[in-house]
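These are the structures, in structure tokens.
Two complexes are shown next, each including chain A; its partner changes from chain B in the first to chain C in the second.
Moving on to the complex of A and B:
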């Protein structure tokens, strides 16, 4: 058995299927060997603190992308969640505030899903509209100013960790495992893949395509809201301008993790690896002191490389 | 010359369907009996695919009635049709490329462990795979593995999977839209044999095809559509290919009188 696993052919095949994992291992190794302060508990947990938030968004984005859609509203939904939560916390306490934040974002997600599933308007356009609406609402409610949060227990939640691992990251991974299970072993999960693999075929087979789409955008809103709540707690305030471009990171993570914008292809494990890859790269670039402008450029190149790879893979699987 | 008029397993009366300015079907009657293979032919735009999609619940009909085993039925979607035992194999194969053979065979009616709510019940993969292998075997469909992703199969294999899916649900009527269009000779042969097998099992089979050679090889009766109307009915055994072509193109007949009283034994109006 051990011989089989170690055989070069198998290893190459595995690497071909898990490009993101290989990239993550290489980048992690480079960071550990050559970058000072990279392989420290403090830095690793900082990566998780920061990227667990993107991680929640990426799980939602994965569901949407699996149906051949896209959700551009996530970053703005983070801001809306954060403003609604901070605003409600002033007079109603933590529970009501958190639930309000979750509901606000999920409602907008379901509204988006309703339009995408019931009209022929492309998801790109619909979610661009939601992006504007969520951002506008956040600015309106907050009067374009941040809303600070004084409740200590909420702020503590944002910093909480268990055995040195941020609680938010543990939540993220648990949710990811649950979602992976759901996608693989449940009827709805199967149908999400089917819609992306062939919407017409799925419809002809009796799959409820409309409600599958409604569901994925709604869940994307809800998962984004969870990320938004954690983001708010970390910041100990609500910000109407926060979360900008977060959707780009979540889309990139899904694609780098093997997801295809054509739909039907992608996985939770790949997405998680994609998120971690961006987290590690981001951390290394920061530690080495590379300018943020370069960081954007480098991430852009990575996204392009990922798309190119997914195209190549697509050609391979259809012939 | 059958004496007792049989009741068709599926019968359509006066079906009309309009898409905007286009009258895709006009007052079309259609019937298929058990153990019978009906060829549905016509030029492009004659309304063949529209008729199939009306039967399978994809398009709601504007006017007309549908009878199943003589009883009037209302069809509001593919699920109603599936419940009646009418299955369709579409021209574009209607398979999801990213799913494996088992998942495609069961798409939309996955087997679940019944002990929990359908939304959260785990899929019963073992049951699905066992049954899938069984069905593929009885139809002599050879595949590398039922767990292969459909995208990696050949055209013939994909068509076989599509046909297998249509007949594995104890169907009574199977509609095949251009079943051999994308296939080579040997693979076409396989699908045609499959059609005869379905007939032998007592199913009502409807085949849409441009390939008259295929049609003549397997069908009992040929129904010709032109510009959304039914313009002729022919018994395959007593009709020449030229007669069918004339009816399809309207070359000889101009506006051919309708023949709506077909009962499975009629010689057709082309004399």
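Moving on to the complex of A and C:
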């Protein structure tokens, strides 16, 4: 991505590789120029605040999609995390509650990963099953009712700002940077790409395919749980019915950011840009006052456009 | 062509797989009859079972066809929502016109899916995820956000449409007849050349293309048919509940995929049977029925359903490991 001389040719090449980034810049520019109140600290901070949660989910989803899998259970895991956290907080305090929430979701993630890696059931169906299981467990523990949280410091944490930036977003970006380093420079990170690039060749080159797959679903559960805990803190209660369809947003973000459902392709930076793109678009649509009924159409068309652009790039780079 | 015919026949008479899920189903039915003290087998309960699942069967056939070509359709629920809203809203021009308008909308929807998947070569998962959002959004725009019960000019739904759902000929309920017609029609379609081609494309699209199969037209047809079946599903939905709902059917994509997978189809394409899909739907239906008869609280039901889907697909996939 080195741009020593910003010659037109280099610029086009860079834009070709980073379609999501270009789209984000264009949308951001349009927002700044034509939309009142868009380019204000308050609004930008609100975008980060709102989309950090999907951001955590998208990082987990990226890991799974890199191995050519998919995780449909994320939305239900958010609900499970929130219920376990709220339930435990009643008698054991913040630390135990947060850790239990993380463990519950990660455990279910690992269980999913175990089934995906040890059987031939497609990830789509396995995670469809764990979607039902997580939702059912959340409803069962909560007796289908929300569990309120009285501890102020926990609720404050969800809404905290540092220098005007939401703490949740700072945490998300830090985790993203860490994950990018892990994917690029650690052996397991490279193995995740290898499994997605071709399972058989990865296995023959000595990659422990089964455990790599086990790991990505576990990590997806853990990252989802972090998003879920922040979500719970903001809501100041655990909700067994919340988080529905969050997985669809995280999948869309990964795809828009250049990920491929066939595995092996995708990056943390692209995924982060994908999440921000949805955040900025959402903010513009709301500021302009477009009817919420129309927003689905506009978002759908934008997803298609963004994926079509990244597809053109892929055709160019493979031929 | 001979080879294609043979592979198709092998798949359609995959006796081992069908027997496996059939035995699961029979086991579940025996269990249902035992635990419910025979209530399960009473005609009233069986008719209810049909009422509740007629739409799912019709729409699962579309999902099966799409999955057989290696695609996936997540926009089924949105298409049902759109057709149900259009059907109610355009009643002012007569029921025939309303049905025609919703059919045109469903076909257009399927064509958009098809064009984006085949000509723009975008992954079916993302395309139908996006068109699903678009569909629900259009349904809300047309209906004004909530459920609709009358046409734009206030025309009431004719009672013969709602009566249709609860009556029948010679004791056979109409919804069941509709299901049987669509099952037969899909059976015939899979025996046409386009049906065979759908399997070849799912098996190996490049090879199918190189052997002269019009892969693009066949894939277009698959998505359009899925749209048409959703229109039929939407009409069944309206005649059952008597309203157009812009949020209808959001569980349809996942339930149909579960049914098709339980029925032994492979999500990577090329394998799948109508009989298997039908049994898959019935397994889900019987499961729901048992849980309700037993008074299992609705809170626990999704968890049990998740476990059963996993087990059924596992049992049916274990065979393929060899």
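By definition in this document, the second predicted complex is superposed on the first by the 302 of 319 C-alpha atoms of A that agree within 3 Å, B and C clash if a C-alpha of one lies under 4 Å from a C-alpha of the other, contacts with A are read in each partner's own complex, and residues count from 1 in each chain.
Throughout what follows, a residue touches a chain if its C-beta (ideal position, glycine included) is under 8 Å from a C-beta of that chain, and two chains touch if they have at least 3 such contacts.
None of these values were measured; they are calculated from a predicted model.
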Subject >> Partners on chain A (chain B, chain C) - clash or fit >> reply: fit
**OP:** Once the structures are superposed on A, label A:185 by its partner contacts, choosing first (chain B), second (chain C), both or neither.
**Re:** first
Original post:
Between the C-alpha centres of chain B and chain C, what angle is opened at the C-alpha centre of chain A, expressed to the nearest 10°?
Top reply: 80
**OP:** Scan A:300 for contacts with chain B and chain C and give back first, second, both or neither.
**Re:** second
**OP:** Answer with first, second, both or neither: which of chain B and chain C does A:39 touch in the superposed model?
**Re:** neither
Original post:
Counting residues of chain A in contact, which comes out ahead: chain B or chain C?
Top reply: C
Original post:
After superposition on the shared chain, which partner residues are touched by A:264: those of chain B (first), chain C (second), both, or neither?
Top reply: first
**OP:** Pick one for A:202: touches chain B only (first), chain C only (second), both, or neither.
**Re:** first
Original post:
Looking at the overlay, what does A:136 touch: chain B (first), chain C (second), both, or neither?
Top reply: second
Original post:
Touch check for A:193: first (chain B), second (chain C), both, or neither?
Top reply: first
Original post:
Across all Cα pairs of chain B and chain C, what is the smallest distance in the superposition, given in whole Å?
Top reply: 6
**OP:** Could you tell me which stretches of chain A are touched by chain B in one complex and by chain C in the other?
**Re:** none
Subject >> Residue numbers on chain A that touch chain C, as the complex places them >> reply: 70, 72, 115, 119-122, 124-126, 128-133, 135-137, 139-140, 143-144, 240, 248, 251-252, 255, 260-262, 291, 293-301, 303-304, 307-308, 311
Subject >> chain B - residues contacting chain A, complex >> reply: 56, 58, 77-79, 82, 88, 90, 92-99, 103, 107-110, 112, 118-123, 149, 151-152
Subject >> Residues of chain A touching chain B in the complex >> reply: 185-188, 190-191, 193-194, 196-198, 200-207, 264-265, 317-318
**OP:** Over in the complex, which chain C residues touch chain A? Could you list them?
**Re:** 116, 120-123, 125-127, 129-134, 136-138, 140-141, 145, 254, 257-258, 261, 266-268, 297-307, 309-310, 313-314, 317-318, 320-321
